[in-house]
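In what comes next, subunit A is part of two complexes: it sits with subunit B in the first one and with subunit C in the second one.
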Partner chain A sequence: MILVIAEARDGRLNRATWETLAAVQPLGDPITIVLPGAAPLAALGQELAEAAVAEVVLLESPALELYTPDGYTAALTPIIEELSPSLVALPHTYQTRDLAPKIAARMDRALVTDVTAVKPGAAAQEGPIFVRPMFQGKLTADVVMQGPAPHFVTFQVGAFRAEQAARGASPAPSRVIGPTGERGAIRQQPEAPFREAKQAVDLTQAERIVAVGRGIKEQAHIAMAQQLADALGAEIAASRPICDAGWLPMDRQVGSSGQTVSPKLYVALGISGAIQHLVGMKGSQVVVAINKDPDAPIFEVADFGIVGDLFDIVPALTNALKS
Partner chain B sequence: MKIAVCIKQVPTRDWQPRIDDRGAWIRDADATYEMNEPDAYALEEALRLKEAHGGEVVVCSAGPARVAQVLREALARGADRAIHVQHDDLTRADGFALAGVLAEAMAAERFDLILTGLQSDDQGLAQTGVILAERLGLPHATIVMDVQIEKSSLRVKRELEGGWFQWVTLPLPALLTIQSGINQLRYATLKGIMAAKKKEIRTTSPSAAVSARLKVVKLYAPEKVKRTEIIPGPPADAARTLVQRLRDTARVV
Partner chain C sequence: MQPLILWLLVLAFAGAFVVQVATRVRLILAAPNTIAVDRLGFRVARFLADVVAQRRTIGERPAAGFAHALVFWGFVAFGGYTVIEFLAGLGIADFTHTRAFGFYRLVLTPFAVGVLAGIVYLLVRRVVLRPAGLGDHVSLESVVIGLFIATLMVTFLLGWRLDEASLAGRVNWWLHSVVVLAFLALIPASKHFHLVLSPIAVFLKSPELGRLPNLDFEKEQVGLETVKDLGSKIVLDAFTCVECGRCQVNCPAWGAGKELNPKTIILQTESALLAGERDRKLGEIYSEKVLWQCTTCGACENQCPVGIEHLPLLIGARRGLVSNGDAPGYLGGMYNNLERRSNIWGLAYDQRQKFVTASGLETFDPARHDVLVWLGCAGAFDADFQKSLRSLFGVLRAGGVRFGVLEKERCTGDPAKRTGNEYMFQELANANIETLKTSAPKKIVTSCPHCVKTIGADYSRFGYSVEIVHSSVFVEELTRGQTGAAGQEAVTFHDPCYLGRYGGRVDEPRELLMRFGAAIKEPVRNRENPYCCGAGGGLLFADKEEEPGARISDVRFKQLQETGAPTVVTACPFCSIMLKGAQASARSDVQFVDLMTYVGERLPSPPRAAAD
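So, the complex of A and B:
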């Protein structure tokens, strides 16, 4: 069987949990979902029970109200040991990045992260092949896991479609369990999540976006990109390194740590297309990439591309739009 | 305060990927290498903490002989000494293998604080730091954007998704994985480079065979998800063609 660890915050399921279900359902094994959290989890349990799965387990404990790696590891490890699945699947969220390696290390089992597809293995004993990006998305790897089960897998957010998760004909049975095993001390004391000074720019509402990456080289060159944005009636945005450098404010950042956008037009200037950026913009209707490197991963998601020096192409593009 | 920073040597950002004849790894010998970027931020954070609170910064890396280059660079930036776990089998090691050999080499040092980047720019597994914490029995926090030291504890700002953050307090000793952009990087000065030549790099070997949990069976160029029209020609012509496509074909301008 396959165990899916669901993720919820503030009484809402993370949509990526449904993506994880969509990823593992085609493997054909019976699926159990476990949702850790503070009571009552019944409403979320009902929602999860709509999925075509064998069982939903609600793991309720006051210690699980706010996520901590110690608390979640102590609560989840005994359940995984008891259910003894062949595979434990999670969405590759920031919470999972904090949690999954710890549980896998505690149980001394293999973990493959940021998976985008699953293929049948060459031999039954080797198990399925997990497909994932490597080298900043420049290459793709087929990976197999070694050593005893359970094996752990995390799925890249956005790689599977939540609406493709199969729903059951009737609700799956669900049960509530309290914390099992011994409750170790939780060493992390978390405070409530917060947002920095409110977002001045809502890029999610922009119809067109011009985004700049490392290829822009200097802060002074942002003006050139801004002129193109003005000519297009677009908002200016950036990949993470540009905002880290302080060349554009953080609220202009697109990607897993910034905003997720889906405009009609997304123009990527000098952005190589690391996966952390792609997850924030690949829902765009039309993507244009301008980059000197013909092998840059951004071209994989681009509808139109120009390979060349953006310092020649961008002013030419601004001119062409004005005529 | 005794601070360790785990750094990894990875192919440079402008490296053009070349796959080896067996199709399961890159052509190592052809690649050029540099310090993994998130690890460079972890190193910078460690140097700043030492400047503010005193102590020692020790850089640690696991990999083949070439890894000494990034350790030297870290020493030139201001780290005090280095530990190199050296073995050719560590070239393509996964997080399990790396954390295992690092834990073995680092345990006796009893560091107060261990920092590392949140993930590597080569395999990008984002596992080594957390597994290392578990192996050493330390509490951890990942994707950290601010570090405040308060006597025997730490208060750190963790980045969550979509512009959310969270403060977490944890006791020392502890391990943190650092997000890129937490600080502004310094570069080595000539004086630093000269001083680094006198600093110690202790080389150790893993006590047992390096055992990985993940096996790459095939490595290949990504499959395209979209059909991309690459517009050729000189800049002015390509720009005109692109504008025409956006206006008439895609109708988004």
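So, the complex of A and C:
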């Protein structure tokens, strides 16, 4: 049995929980989801019950309202011991980075973190192979768990696709359990969660971005880029000159003096690709550049480049996407 | 009777002078000793130029500077006169009736006229013309001192007309003597203490602009945290400041409307020292924000006529902040990049390799190559600056220079050094020095002036020395005797601070430009005193939101635009990045070209571009 520890804050599930489900469902074992938090968790429980899992357990306790390593460890350890899964899976969030090592160490069990892929093991009895980056991503390691179960694994956020998590034909059964374990003293005093992006617009979370540069020429043409962004379901962003000119607000600026983004798709319209802009978007998975200057540095980082007039290309692209 | 009164006055005023001086001398002696005297010949030559000939005083402000020089030379000339008059007045020895003294007085007369003319001009300037560098309100003390000096000269000149024994003559003599004494007592607590200290400070000033001794981590040095950490030269500087405001008006941060004012920093240091605030945090005295506004362009230190070194103080205080984890957020990302990828951009190493391969560069081998070309962070990773480097390679190949590059290069550590992250700087420096020692180049050429300063000057403090020159210097020599296309193309040249001011290389780039057909339209703030592009000191990474005032790069771009030249030539990757950014924001049509590309495109037989 695989136990997935779900993560929620302010009444919303972290979508990385679905990614974790997508990561462990192919392993084929029955899955139980545990969601720790303060009552009522029923609404979130219903949401989780849509997944193709065996059971959803809602662990309700006032002590779990805000995350504390002491509170969560004290509440989750007895559940894990009671359910005795073969594998405990968590999304590799900041909370998990704190929590998973603590529980694993307390139970004296193996933990593999930041896993990006799961491969079938060489021998059936060995269990699956977990792939994780090492040395800041310069190498990847194949890890096989050893030692007594349960094994702990955390999955890199974004490595699996949330929408690929299988949904069940009917809602999975769910049950609510009250506070578990001894109510030990919680030594931490949580403060309001830190929000990294001080900007009103958080481009860092955007999956798709359409960014405009000086090639857009006039403020009136921003609308054209916005239409493409709407057609793609993308956020609109810009390089420095556009924000300096006030054509788009400062919090839409990408680059070393703006936000650092890593969307799945980055469409650069009329952006020459000065290095300060490139370092702000180099983490993008797919970069599409449209620029009339074939020597523009943006083509050095683009996966797909179109040399041409963006005023011809963008409307055509928007129409093609709409139809 | 008169000698007795004079004795009492001398004891009182000289006593006041000594007590005040002693307070300051004690503070200087109590500070950690940072005074080292090397390159004696250079120091003597600089002393003659800056003190005796008043080079820096006159250089930037010819009228006020010359007026000051008149007063200064007059003071020096009057030294013996004042001593002799007091010896006589005190009844110790009377030389006033000797022929030699008569001759001396005669010689002094034109000096007195000069001082009087000078001080009247300076008073008018201070009270009526009121330049910005002198502050928002007229300093009463300076006006009083000015009037004192004028009085001394008038009474001296009246001495020719009045009979010394007459009542008027005696009154005149006494007025002169009392003013001398009052002046003496006023000196130490005022900016006029520079009379005494500036020759010392000029002599002790480092021969190298922005010299920053390495921190010794074995001795647990962490930089300047509190007032008691300030070294003896910094303390000396604080009492030397003459408040002329040259540092202020030349500071690009101040010029762009930011809070940093180098003069205020020095005066705040002086106040804190005199108030005995030994344990007060420097970040509190100057405000942390202000400390991060410095681009380390060096204008303040370089323009200071009294030998003050601002950079060891500003960067020293940054070191103290960084050691306590108080660096601004934007530097955190850059430090991570340096730590993980050894380049400021945080780009993967294979990107440099791709460029090296695409440009057909060989790995440096001292047996086969004349020079090592150091690419730098910009050259290795910035697609835009790589164009300039390809031009350099073309020029070198056309000139028959055999060159190679290192297999692995890290950032020299310049941004870490100038932002006070000394630990990271030393890590990078040591790693690079090891690589360089293994490759053993005799000469390095680079297009990055920051790399020139860091490898050339900062690495020497690790006991590694190598000849490193900027590409403009190397190529100027290489292409001597050649000429480019005829015609006079109007361009303007932006001197990089680390090339012009730090390196003193102002003629080579101009010579190259003119050799290849440029008519240079000089911008304001050029040659050894350029206006910074705003990138230095880690500010390349600063967020606009966190900075008050205008962008330094926008201010500089406007200055360059005002020359009317359609082309701006740059010679530093960071200047290029900043100014192109400003140009894009200004939506101007001014073209930018790197000096090497300018030369490369105009060589008689165009070098074949590298296969890429």
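Of note:
In this section, the second predicted complex is superposed on the first by the 196 of 323 C-alpha atoms of A that agree within 3 Å, B and C clash if a C-alpha of one lies under 4 Å from a C-alpha of the other, contacts with A are read in each partner's own complex, and residues count from 1 in each chain.
In this text, a contact is a pair of C-beta atoms (placed from the backbone, for glycine too) under 8 Å apart; a residue touches a chain by one contact, two chains touch by 3 or more.
Predicted, not measured: the structure shown is a model, and the values here were computed from it.
When both complexes are overlaid on chain A, the residue A:F304 reaches subunit B alone and has no touch with subunit C. By the touch criterion stated above, A:A165 is placed in contact with neither subunit B nor subunit C. With both structures placed on the common chain, the touch criterion links A:V286 to subunit B but leaves subunit C unconnected. Once the two complexes are overlaid on the shared chain, A:L321 sits against subunit B while remaining clear of subunit C.
Of the two partners subunit B and subunit C, more residues of subunit A are touched by B. In the superposition on chain A, A:D244 makes contact with both subunit B and subunit C.
When the two structures are aligned on the shared chain, A:D114 is found in touch with subunit B, with no touch to subunit C. Judged by the touch definition given at the top, the superposed model places A:V34 against neither subunit B nor subunit C.
With both structures placed on the common chain, the touch criterion links A:L64 to neither subunit B nor subunit C.
In the superposition on chain A, the residues of subunit A touched by subunit B in one structure and by subunit C in the other are 136, 214, 240-241, 244-245, 250, 256-258, 260, 272, 275, 295, 297, 300.
By the touch rule above, subunit C contacts subunit A in their complex via residues 330, 333, 340-341, 345-347, 378, 381-385, 387, 540-545, 577, 580-581, 584-585, 587. Those residues of subunit A whose C-beta lies close enough to touch subunit B in the complex are 68-70, 93-95, 97-98, 101-102, 104-106, 109-114, 122, 129, 133-147, 187-196, 199, 208, 214, 232, 240-241, 243-245, 250-251, 256-260, 264-265, 272, 275, 285-289, 293-295, 297, 299-309, 312-313, 316-317, 319-321.
Subunit B contributes residues 11, 13-17, 19, 26, 95-96, 99, 118, 121-127, 129-131, 133-135, 139-143, 158-171, 179-181, 212-231, 235-236, 238-240, 242-243, 245-246, 250, 252-253 to its touches with subunit A in the complex.
By the touch criterion given at the top, residues 136, 214, 239-241, 244-245, 250, 256-258, 260, 272-276, 278-279, 282, 295, 297, 300 of subunit A touch subunit C in their complex.
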